[in-house]
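To keep things simple, chains are lettered A, B and C as they appear, and every chain counts its residues starting from 1.
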Amino acid sequence: MKRSKTMELGVGLFMLAGILGLLFLGLRVSGLTFDMPGDTFRLEANFANIGSLKPRARVTMSGVTVGRVTAIELDRDWYDARVILELDAELEGKLARDTTAAILTAGLLGEQYIGLTVGGDPEMLVNGDTIRDTQSALVLEELIQQFVSNMVSD
Amino acid sequence: MIESPLVEVKGLHFSRGEKTIFNGVELQIPRGRITAIMGPSGTGKTTLLKLIGGQLTPDVGRVLIDGHDVHELSRKALFTLRRRMGMLFQSGALFSDLSVFENVAFPLRVHTELPEAMIRDLVLMKLQAVGLRGARELMPAELSGGMARRVALARAIALDPDLVLYDEPFVGQDPISKGVLVQLIKTLNDALGLTSVVVSHDIPEALSIADYVYVIADGQVMAQGTPASLDVDEDRRVSQFVHGEPDGPVPFHYPAPEFFRDILDLEGRP
Amino acid sequence: MIAHILNLGRRGCDVLEALGRSGLFLAQSAVGVPSREGWYLWLRQMHFVGVLSIAIVLVSGLFIGMVLALQGYTILVDFGAEQALGQMVALSLLRELSPVVAALLFAGRAGSALTAEIGLMKATEQLTSMEMIGVDPLRRVVAPRLWAGFVALPLLTIGFSVVGIYGGYLVGVEWLGVFEGSYWGGMQSSVAFIGDVGNGMIKSMVFALVVTWIAVFQGYDLVPTAEGISRATTRTVVYSSLAVLGLDFVLTAVMFGGFS
């Protein structure tokens, strides 16, 4: 059977393009990274209320993404939400112990993410530490309730 | 003739839907001869070939090829048996995406492990036999009907089969092509020691090469014999068919009410 | 009345019988020993059903992505949420539009061609003659086409998504002025690779199987006349479109419907 090189080339390119496309969807669209586990370190933070924070949400400092939320679970000792963060390994040992973590919202209806603000404690956070100082998500209903009760009491 | 026939068809019944096509057909195809199976259009001659080739299964009856019951074989054994058969289809049935050369090489490639050089020699030999060695690079769409049939014949004999089935080889051919095909079937049969079964309703051509003839009509073998004996057969149905008379036991008119009554509308309109 | 019930029953039996036949057909063709020859036949069909469908799929993907961005922007901007545009475009494409639209285009472009091609081979007795040569046409003709379709459609779906997301970028970022960082950032934070891209791919594979199966079966099973071929081609497009849309609902309910 006669083999046509152009056809083989066409099919080869087609399949290659498909694989590259899948890589694009993985890296650029769903933001997968090929970081080694050693490239990150873990911190934990307990929040009274996480709002609609989801795993894989961004963790930022001054608006710059420095990590991701990897897991959210209920802390059975305190009955609040324990959030596991994974941060760039470069930051290990450089964040003060009194760093605060706040759940923020991008825009009025946007996604929720965690913002870190550095403190001034001389001791630094290392892998596995817990951030003590946290600020829960703003829940719209609570805000309105507060606002209304303030109006009434005025 | 002492040796057993190559193909035996015993008590064959076959129907398609409500319509009975064969109702107890008995055939014996002798080895090394050309047997013609003739009959009016629509009597299921092609169906008979498909039954012999094992593509259709009869309701009742058996088809034995060299002692093997075709319809009792496993799919694999049937495909093995088919390597010993070649079939020439009415339309040629060349693979339209392969060149003439590749069409003839196809059975060799799928059934043998021969080196490319030997395949080439064999293909050219077969093409030479049908006079189309020069057309090997053409595609089937570029061939005339007669040429396509000759290529198909070369393909059918590519594996040197024992049995070649010809389905209406002469239909729609000009006189020259007919002559060529008649010649080819005869010479190939004699030169290669094949057993040939020719299904046809082209009487002069079929009778000119056949050693033995079966005439099939109404689902049964109506007459059999050598071409000479059929030519003088007393049976009116046989003589109508063999001599091509327009009216006779096979009526010219499709069954209908009497013309006079019909045209005066005495039966009420349908 | 009785006659109607009888008729219904007969039709039911016909449908069941056709389903059974096509199931056997699928099982017989899909199972086969891969060979060098088979590989090459598959390659030819990949060219035929895959490479030749690239243009229509990519162009449609680009336009669908652009339209999505345009429509999405006008809705989102009312809520001040236009930074969610990337997320919206990517999720609609990956989860829903790419698999479905690519499958529908594939049914129209490649499926109908497969039916017609196999039907023509049947009408010209090529399949029968192949059988008489001792080659199983299910292996030789149907299997490479089935596998080529099964591989080609998911690849085309990936292409559709990529081009669609790029089309959304062109309209949203380059034209309507959504901030580039929030287009990609919103997308990355909301698209899950396994959950969205992966499920979209699974959908696409299911559609690929169903569309190619319908196409080759209709070709193999048709009445070998000119009219039969044209009818079977129409049936291929109609049945595969309906099957794709119906299955899409089922798959979406299972994957994203929140039942578990």
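Simple rule for what comes next: a contact is a pair of C-beta atoms (placed from the backbone, for glycine too) under 8 Å apart; a residue touches a chain by one contact, two chains touch by 3 or more.
Which chain is which protein? Per UniProt: A = Outer membrane lipid asymmetry maintenance protein MlaD; B = ATP-binding cassette domain-containing protein; C = Intermembrane phospholipid transport system permease protein MlaE.
Computed from a predicted model, the values in this text were never measured in an experiment.
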More contacts between chains, A-C or B-C: A-C
Chain occupying the most central position, where position means C-alpha average: C
Centroid spacing, where centroids are CA-atom means, of chain A and chain B in whole angstrom: 76
Rounded Å distance, chain B centre to chain C centre (Cα mean): 43
Rounded Å distance, chain A centre to chain C centre (Cα mean): 35
Where chain A touches two or more other chains at once, by residue number: 1
Contacts with 2+ other chains: residues of chain C: 37
Per-residue multi-chain contacts in chain B, two or more chains: 109
In the complex with chain B, residue positions of chain C that touch it: 37, 120-121, 124-126, 128-136
Sites on chain C touched by chain A in the complex: 37, 40, 43-44, 46-47, 50-51, 54, 79-81, 83-84, 87, 90, 94, 151-152, 154-156, 158-159, 161-162, 165, 182, 184-193, 196-197
Touching residues (chain side chain B, partner chain C) in the complex: 50, 53, 55, 75, 79-80, 82-83, 85-87, 89-91, 93-96, 106-107, 109-111, 152, 155
Complex contacts: residues of chain A adjacent to chain C: 1, 3, 7-8, 10-11, 14-15, 17-18, 21-22, 24-26, 28-32, 56-58, 65, 106-111, 113
